[in-house]
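Here come two complexes built around subunit A, the first alongside subunit B, the second alongside subunit C.
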Partner chain A sequence: MAEATQTRTSASGARLQWVLVAIGIAALIAAPFVIYPIFVMKMLCFALFACAFNLLIGYTGLLSFGHATFFGGAAYFCAHAVKVWGWPPEAGILLGALGAAVLGAIIGFFAIRRQGIYFAMITLALSQMFFFFCLQVPFTHGEDGIQGVPRGHLFGVLDLNNALTMYFTVLAIFLIGVFAVWRIVNSPFGMILRSIRENENRAISLGYSVAYYKLAAFVMSAALAGLAGAVKAIVFQFATLTDVTWQMSGEVILMTLLGGIGTMVGPIVGAGLVVGLENTLATSGFPVTIATGLIFMICVLVFRRGIVGEILARLPGAKNSNS
Partner chain B sequence: MTVQATEQADKADSGSRVVLSARGLRRDFAGFVAVKNVDLDIEHGKIHALIGPNGAGKTTVFNLLTRMMPSSAGTISFLGRDITHMSPAAVARLGVVRSFQISAIFPHLTVLDNVRVALQRPNGLAIQFWRSLSALDALTPRADELLALVGLSDARDRLAGDLSYGRKRILEIATTLALDPKALLLDEPMAGMGHEDVGAVAEIIRSIAKDRAVLMVEHNLAVVADLCDRITVLQRGEILAAGDYATVSQDERVRVAYMGTTDD
Partner chain C sequence: MTMVFGIPIQALLGQLLVGLINGSFYAMLSLGLAIIFGLLRVINFAHGAQYMLGAFAGYLMLAWFGIGYWPALILAPLVVAVVGIVVERFALSRLYDLDPLYGLLFTFGLALVIEGVFRYYYGVSGNPYPVPALLAGGENLGFMFLPIYRGWVVVASLIVCLTTWLVIERTKLGSYLRAATENPRLVQAFGINVPLLLTLTYGLGSGLAGLAGILAAPVYQVSPLMGSNLIIVVFAVVVVGGMGSILGAIVTGYLLGLVEGLTKVFYPEASSIVIFVVMAIVLLLRPAGLFGKDA
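Showing the complex of A and B:
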């Protein structure tokens, strides 16, 4: 009897989830007609970045402190391919994601050998090395970055210089990226990732070589973060050092924590909040970092599960749906 | 297969069938010898108990046998195959599977999913990141079977973390059984359990030992006397005595160690 009730609640919960997802997508389709499209595109890029990061922290239990490498690195690769080699934008974006995956494989290879804070420190150290690499090598143009990247034509036909075309391209890539994260998390492979997060030794004793699973998750997360960074380079038509700094790695952690670790929507909400706040405060003269710092403190003190995490936890019968 | 391995396999088929075997096992921790010169033979169809006072090195022996911890010296072989230098996951894949002293379950997964995670790997489902979770439905009948075997069917859809302590341990046994291991290493399977649960778990262990080798660490001597075919007593990392319960319980040194004249 109790079981039947529970099943019914979770079925109606699932229906409610799909309704909310549909409303969210509808809102994103309508957004550029109401809000400045560039701003929404920036939000979407960071939201995808945070979702990719969440795949690692939320569903595998690995805290990477070097994700800016994949985000900013992909932006450089994409910008260089499009501007200097004259590649079409879709090829540039693909190259960015692939390049980030390669960087992810290298950094992940070293980082997964350690756990907890040591894992975080290795990712930080290697991403700092990548920062200095970007500062020194000629193709990134140091402090100037790669500027004036042409948006070009998607598949040779869609003119991305049109704001709305650009917007819907970004929205499509964002939705594909978030779907990829959702699919990975809710797959047989994702189940193993969760079991590693829950009890790594037990996963080993069941015969899983957890290092391979962690590395695979790391590469996937890096590739998706790269996808976000490459798209950002096309939208803003430049790639800069800012995107490979450790502050950027910290910002994605902040976004994910704010929204809610281990929830699908949390990182999107967190990214929207942080980007929105930065945009609002940028014109007011109030220091942005103080505001985000205060919000972060309130978040940690009052709702530790993040905004979305806290809402989910308080929904009736939401105890089981921590995904 | 090497000549040596074949010989050993032949020997295993006739009479006593040693599944897991250790010779001269040793583990040093920065000047402290936790396990010294331990020989063990775990046989098919038998339940072997590893007993001894706290700190005798029982769990360390488990860690060494499953390769969760590298041994300082000695060899370990499984069905005639040298596994002394294998990775812990590879040893588990061969069929040497352990449980843990602190119940090792996945608390935020359902009871059913806990068992299905164990069933995923041999079915090649563990790496499929592009398929939906419904791909795991194929494993559900087998998982239900295992849950029925240990009496957890009614808790199937609950979160594993919400189970009582005793039932968590039972779930762990079900998860371990899902791998169909040839050698099962149970670290204090009944510790902290209520009286009724102890009896139930003893029955489960007895039935699963019929066609596999079982090594268990256990403090409850009544259970050991009732359940185990062979007993090895460890003290300060060394084997104090070995044999069946009658032999071991008559041993003067074991009585001294257990009555507590010289040891804790």
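Showing the complex of A and C:
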């Protein structure tokens, strides 16, 4: 997806960016005092999930259609560790992210053998396989899922049953996760990923072992998606099959597409909008799938840069990389 | 009782028949996908939804107008094909110059909308569709009981697949199609209306999905979700077969149906994932797929 936009930041543009980031963080700190905290936490989990997904599609040019595996898989691992083994929440979350990384290594190993559209189909098929696996193995409790996961005490001290403590824990993890994505993207490693996105053959001819970089990006993206899923399991105190379905994989694509593929804040905006929309529709009786499907079609037809991408492309001084 | 590998032969043959029937649908659906992909370079995610649409078209024709199975066998695929042609004309054709992934995403959204609409009006439970009188009942073959309709499904899908293959390989229209797959610009330069060819191809592909749907209606129940899980399996079939070859798509479809049937006999727990496992193995040994030429 070469249409991703990039900001060419002048000095003033960079300052503006930091101001906006500061405002955003301040808004997130204030949010739980204004909005129902659980709702904001849900948004944050999905926003981190979408950022992790964007690392692949936006900066490496790989469309994974199976990211629910890492999100939902990590939720299961974390929920099981915390509930059945009695692990503290931080260990459970870490295990979830690690487990997702392992799943990412396995799925990535197969998927990077093909490119483009095949890559999407293989990730989709393998994640569907993981869905059936989750349906059948006993530890996930099939249709019921793992319920009543205790939130416990973070590092043995902070009581996560307190809504605000939980919220700021989630916010901290979210910020760390997004910072990790930002660091990866703006590192020499990230530059190589972008070069693969722009022209894979040239990257190969320059001597980069593209397969290795793709796999590394895939594993990182999976681990971060897992981080989001594991945190979600702690927040909502359950892990269910919903999070490993292909519909969930589609949802994260939609969030990223709507917000803006290949932009830092796009996926966050997209996740906020999609979660907000679903929340609104849940009470209205209008089927969510129709709404998401329509947004998908509209985005693809007329709106491929996404909301943030369109704004960035129209900013004075911003130059279109292509298109 | 005759036993094969410690399994009663009736059970074995019964599951092989189920596998063959599933394989018939895999073959028809992956055939349609391969035709569309070959020319349009679009992975038609809506293929499952179009299959469902075919089944529902038949079901609603019977419920609203009393149109029976045989006319529906022609009309339902036509309805789906017309819907497909409209979609191609007004939306898909705008995406050809872009990364093929946009086609996948667009048809994904389309599938969500179609399924969402039917789910809204008909819920998730299945609606039974009667087996036509001519094909009701069954035949005792001595070693097993064969419901006639299921035999018909296998025969019909073989006819459909072979006809489609013959049309593409042996007719003039088919040769245009193959030529346009190789080099659309050159074919256009020869004065052949390639955009029209693209539209018709998408219509043909979705029509095939609709035909598979109406054939499936009496076997499985007609439900809004009947296509969505099937389509992912069909994607795996297509990866195994390799997109390049029409015949490859057909053969792989039947083959994997049988493999799935056999797995149900010997190791039922794995039957829902065996096709994905096969896909992983094929990717390791032959990344381009069994019949594919190149990635």
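In the analysis below, the second predicted complex is superposed on the first by the 308 of 323 C-alpha atoms of A that agree within 3 Å, B and C clash if a C-alpha of one lies under 4 Å from a C-alpha of the other, contacts with A are read in each partner's own complex, and residues count from 1 in each chain.
Criterion: a residue touches a chain if its C-beta (ideal position, glycine included) is under 8 Å from a C-beta of that chain, and two chains touch if they have at least 3 such contacts.
As the structure is a computational prediction, the values presented were derived from the model and not from experiment.
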Partners on subunit A (subunit B, subunit C) - clash or fit: fit
First, second, both or neither for A:V34, with subunit B first and subunit C second: neither
First, second, both or neither for A:L126, with subunit B first and subunit C second: second
First, second, both or neither for A:L294, with subunit B first and subunit C second: second
Of subunit B and subunit C, the chain that contacts the larger number of subunit A residues: C
Which of subunit B and subunit C A:G207 touches, first, second, both or neither: first
Subunit B versus subunit C as contact partner of A:V157, first or second or both or neither: neither
Following superposition on chain A: angle at subunit A, subunit B versus subunit C, Cα, nearest 10°: 80
Touched partner set for A:P188, first subunit B, second subunit C, both or neither: first
Subunit B versus subunit C - smallest C-alpha distance in the overlay, whole Å: 10
Overlap of subunit C and subunit B interfaces on subunit A (superposed complexes): 3
Contact footprint of subunit C on subunit A as seen in their complex: 1-3, 63, 110, 113-118, 120-122, 124-126, 128-129, 132-133, 135-136, 246, 250, 253, 257, 287-290, 292-297, 299-301, 304
List of subunit A residues in touch with subunit B within their complex: 3, 6-7, 183-184, 186-192, 194-195, 198-199, 201-210, 213, 216, 220, 319-320, 322
Touching residues on subunit B, where the partner in the complex is subunit A: 66, 68, 87-90, 92-93, 97-100, 104-110, 113, 116-118, 120-121, 125-133, 135-136, 157, 159, 175, 179
Interface residues, subunit C side, partner subunit A - complex: 43, 91, 94-95, 98-102, 104-106, 108-117, 119-120, 232-233, 235-236, 238-239, 243, 269, 272-273, 276-277, 279-280, 283-284, 287, 295
